[in-house]
Amino acid sequence: MGNVLTIILQRLALGLLTLLIVSIVIFIAVNLLPGDFAESILGQGATPEAVASIRKDLGLDQPLVVRYFDWLGGVLRGDLGTSFAQANFASFTGTDSGATTVAQQIAPRFANTMFLAMITAMIAVPFSIFLGVLAALYRNTVFDRATNIFTLSSISSPEFFVAYILILFLAVLNPIFPSLSTIFEGMPLIERVERSMLPALTLTLVVTAHMMRMTRAAIINLLASPYIEMARLKGLSPMRVIVKHALPNALAPIINVIALNLAYLITGVVVVEVVFVYPGIGQLFVDSVQNRDIPVVQACCLIFATAFILLNLTADIMSILSNPRLRHPK
Amino acid sequence: MSDEILLKMRDVWLEGRSDETWNPIINDVDLTLKKGEVLGLIGESGAGKSTLGLAAMGYTRDGVRISKGSVEFDGIDLLTASAAVKRALLGKRIAYVAQSAAASFNPAHKLMDQHVEGPVQHGVMGRGESEADGIELYAKLRLPNPDEIGFRYPHQVSGGQLQRCMTAMAMSCRPDLIIFDEPTTALDVTTQIEVLASIRDIVEQFNTAAIYITHDLAVVAQMADTIKVLLKGDEVETADTRVMLATPTQEYTKSLWAVRSFERPLKSAVQTGSVPVVSVQNIDASYGTVPVLHDVSFDMHEGRTVAVVGESGSGKSTAARCITGLLPPTAGQIMVDGDVMPPDYRKRSKDQLRQVQMIYQMADTALNPRMSIGQIIARPVEFYLGLKGAEKRKKVDALLEQIELEPSQYYHRLPSELSGGQKQRIGIARALAAEPKFIICDEVTSALDQLVAEGILRLLARLQDELSLTYMFITHDLATVRAIADEVVVMKDGRVVEQGPKVEMFTPPHHAYTDLLLSSVPEMDPDWLTNLLAERGVDNIGDAAVDKM
Amino acid sequence: MIWFVAALIGLAAVAWGFRFAGQAVTGNAPKFRDMPYGVAYGYVLGAAVLAWLVWAYMQGRSDDQAIANKFFFLRIAIEGFIIFAIAAWLFRLLGRSVGTARSKKLFRSMPLTASFGILTILIYAIFAIFAGLIAPYGQEQIIPGVAANIIPGGDPELGGNPDFPLGTDQIGRDILSRLIYGAQNTVGIAFATTVLAFLLGGTLGFLAATLGGWLDQLLSRAVDVLMAIPSLIFALLLMTIASVWAPELGIPLTVFMVVIIAVIDSTRVYRLARAVGQNIVVMDYIEAAKLRGEGLGYLVFKEILPNATAPLLAEFGLRFCFVFLTIAALSFLGVGIQPPLADWGTMVRDLGGFVNFAQFAPMAATAPLLAAGAIALLTVAVNFVVDWMLHKSSGLKE
């Protein structure tokens, strides 16, 4: 076991290192901006004094390295900085709106996005693994070919196409689900699920296709291995061949598939949230991109990247854990 | 053996699918097996022997089908039986031993768990009883630590031992019939012996009928009562083993037998004091920090063939890499014609590179699949000899004629349009195109069928006589050594164990390892294994020194 | 919902009966005797779905306008599917009888999906190259005297205009023309981006594979880091910054987008090119060429590249799809291809609201769906071709 532990610790350390480098990349990218944040906040007619004071407030007069560590320290304490839009608003009205920090802005939306991802995963994971295994077992049949065409098509379609098709059929022509996902705090769970259903279904369709194809490939690969043939030639029932001989070895690839696709969800969630006006982090991200609200963009980017790296890391570690060669060294 | 018929296959036709069309694999083959009889099924690759072996179990792989015929096991028609009836037979009364034990054991379960699965699921024995029986079988198969070995995972056990564990697993329900599908092909000769001996013993002991599939005639001679020869899906002939070995009736069978008898005339001894073409002097080499060669020295003289023999991992290919300069040795030097060669090939001059040419084991990966035969051979002609246009073409044509391929027919073809033997010939032509003195032949015949391999050996011998070439012939196959070598170098664990002229090497007394290696090579004599075992003594067939993990 | 579940349970009984009947009629033939219940259920379910599609199609042709409207899109989808299938079939037939012996052979083993893909790509290429000739109006042309927001369909009674079969947008530009120009802009820009990504990633990947050593280490680690950020997110971040730089430097934002996406995507190309290169570099024929004393140029261009074309071509298709979808997503989010260039992603964004009128005026919803569909159709087509190519190269081993 010591062997495996070392490998896992190595992977964890590598993941942390990657995360650190990614944070540097994001920070530098943001600081590539021309001119000055302060000027862009105050607009064209800003007096030099006002600019200087804002610069000092935001710590922009410090050197780059100091600012990076300030920012990183803040991030680690949960302080993601101050939103420009909010700061701007506050400086105009002279009041404190109460939600000026990025963290306060992001927190509820982050929860909403997690909720959406969770619903999607709950539908997509069992569904796609079931279909994937089925397609692998009955490969080269009409069923397999039809699912192949269907999944290829849905992988190829942009998320907003799938979204509008679903709106068309499930919201407009047959009003089953609402086409706008207005969600607020304190909403009953059932209603919340109902309103999140269309975005969740859209994501499901896109992710299922990927997950199903990967599951199918993994299972076919597995079923072609000599030990499965051996199990069949020992006269075991098809059920036992699958459960006892295929499944323990299929676990690693399938967990891998799930983790990779949950990571893929992160990208998909942005467009889908915009289509359905779902109040999640993706929509906030796009809004901030359009308003050039740099601190928010930076924070969202970091959150997305962290989730992405964590999921990939999970996939990695899971496949190490389920490898008998590593679990039982010579 | 009794006269009661166990397995009866009649007019069996098998087809395989490629691109929506079905091509024949086995055409109209009959097979009859009595209780306790061992049938050897031999043929070259592509003869369809494995497919036929599986069909005897009523099983076909994906993309294969039994198009006609019947397979009857003990009165049960396997082709029309329901899935449940077949499942009740498989594993319990008919068992299978696959070629690669390492791939055929499930990596996720311990050996014993896989061993007892058959008996428990078929209701033959309980788990405890079956485990005890498994340990007993392991002991019978002379596995080390029979009490403990079953509780390891497959990757923790060596190849030769795994193969015996698989035989034990096949035996677990005491089946009436076992199909052995090339069980020793992936093993080294010294390991092969133990597996052969233990398989033969256990099959005899339980009076199990068996179909033994292999491409190695000498192996089948030890194992089988009856031999059936297949060629491209057709049956050539079937006869009792001793009859078949003594008096084959068909041309194809005779030619197979004849391969073993090819041997070059002996050459006179090397004149003392003559400068060797290539001299390997005290080289050490390592991959990274792992040392692989220790103080290796040998000389190769003009017009002679030096066979470098040893099992996998003995360092014989590494020695070749040192000579070509791909792996610069950490100590010692390589001399060509009395001159020291730079250790790294990148430091060698064009002419120095030209002197040493190489022919590879896998002709498939040795020829660029995107170049035509003409381009492949013309490149060294142009590169080294500076020939262009018509002159270049003339030289390439001459080379193609030298390797017995019609130039006009082959010049524009791609490697994928050639057979394995033809590809190997192109590899030879490319080496000759550089007009070298010295050619390294790295296992050049081991991927080829016996008849084709013999053709290549004869060609190499003829070229050597005509061009007085020097060969370094790397091989693990002692039959090839006997056929072509003048001198022999035996290697083990990165050291030269013994070296000398062939005649001396094949006459005792030997170094202990050479002896083990030589005596482990199966011979066509059906009594060879029995005699060998008697000679070595039953307890020592394995030679624990070789079969360590 | 309840009806749906009830139907599924009902089908379960039918499946039982189906298998039983099959066994009885065929005298217990192996096909029915060894058929698992799940398979029988699958057959019945498939038949039920087919029957429902036929029923829905007939509804779509109903005289009752309300019902016909409701099934209008399903009808169009089914008709489209059949027409495409027939066109692909005819195209394959054409390919089998016209052309060189090699191209004929290629078409003979081609599945219908791949021939559909090739046909579609050809049609897109024609539209993209000759957009100026085919489109009735200019892409930025606001036609004088024509109302904005004319509904597609060309039926004056429903608010259409026969001169503008797909209607006009909010400021009175012809949607059909913009759709056709979209082929030029969207596809052209995506294609250029992919080429750039390939030049960058491919060159570095092959260099890393051939030379190895510290260069390989350096490049590979850099690529690892870049790939640790989800590509769309990274693209959005960089586009934000670019949108500030673009006016400052006077370079169109679209150029920034091409470069940004090409760089992000070249990491994926690098990985593949390196892997493919490494597989080839270990081949004996490369060793033979090295031992012959060949230089780096000969090795890369004569020995390695010709053997890498098949996987690289397939990867080019996949990367093109990916780039195309990324650009479409960026445009849809408003930070991609900038107006007044006609672009499908932007069109979907601008016209998307019309989907909500589908129940009363089905034609109104077609404009955004057509733009989105145009994106989907091309990526589907490319993916079908790539799928076939990959299958062909791996199929040899089976």
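Some notes on this structure:
We call the chains A, B and C, going by the order they appear; numbering starts again at 1 in every chain.
Quick note on the criterion: a contact is a pair of C-beta atoms (placed from the backbone, for glycine too) under 8 Å apart; a residue touches a chain by one contact, two chains touch by 3 or more.
The model shown is predicted, which means the values in this text are computed figures rather than measured ones.
Here C is the chain whose Cα centre lies closest to the centre of all protein Cα atoms. Ranked by how far their CA centres sit from the centre of chain A, the chains are topped by B. Between the CA-based centres of chain A and chain C the separation comes to 23 Å, rounded to the whole angstrom.
Chain A and chain B have Cα centroids separated by 52 Å.
Note: centroid distance chain B to chain C, computed from Cα atoms, is 48 Å. Residue ranges of chain B in contact with chain A, taken from their complex: 57, 59, 61-62, 86-92, 95-96, 98, 100, 103-109, 117-118, 121-122, 153, 155-156, 549.
Within the complex formed with chain B, the chain C residues making contact are 30, 33-34, 109, 283-285, 287-288, 290-294, 302-303, 306-307, 395, 398.
Chain B meets chain C in the complex at residues 19-20, 63, 80, 82-83, 324-326, 345, 348, 350, 353, 356, 358, 360, 362, 365-371, 379-380, 383-384, 430, 434. On the chain A side of its complex with chain C, the touching residues are 18-19, 21-22, 25-26, 29-30, 32-35, 40, 138, 142-143, 148-149, 152-153, 155-161, 164-165, 167-169, 172-174, 179, 263, 266-267, 270-271, 274-275, 285-286, 289-290, 292, 294, 297-298, 300-301, 304-305, 308-309, 312.
Considering their complex, residues 39, 42, 46, 70, 73, 113, 224-226, 228-234, 236-241, 243-245, 248, 321, 325, 328-329, 332-335, 345, 348, 352, 355-356, 358-359, 365, 368-369, 372-373, 375-376, 379-380, 382-384, 387 of chain C touch chain A.
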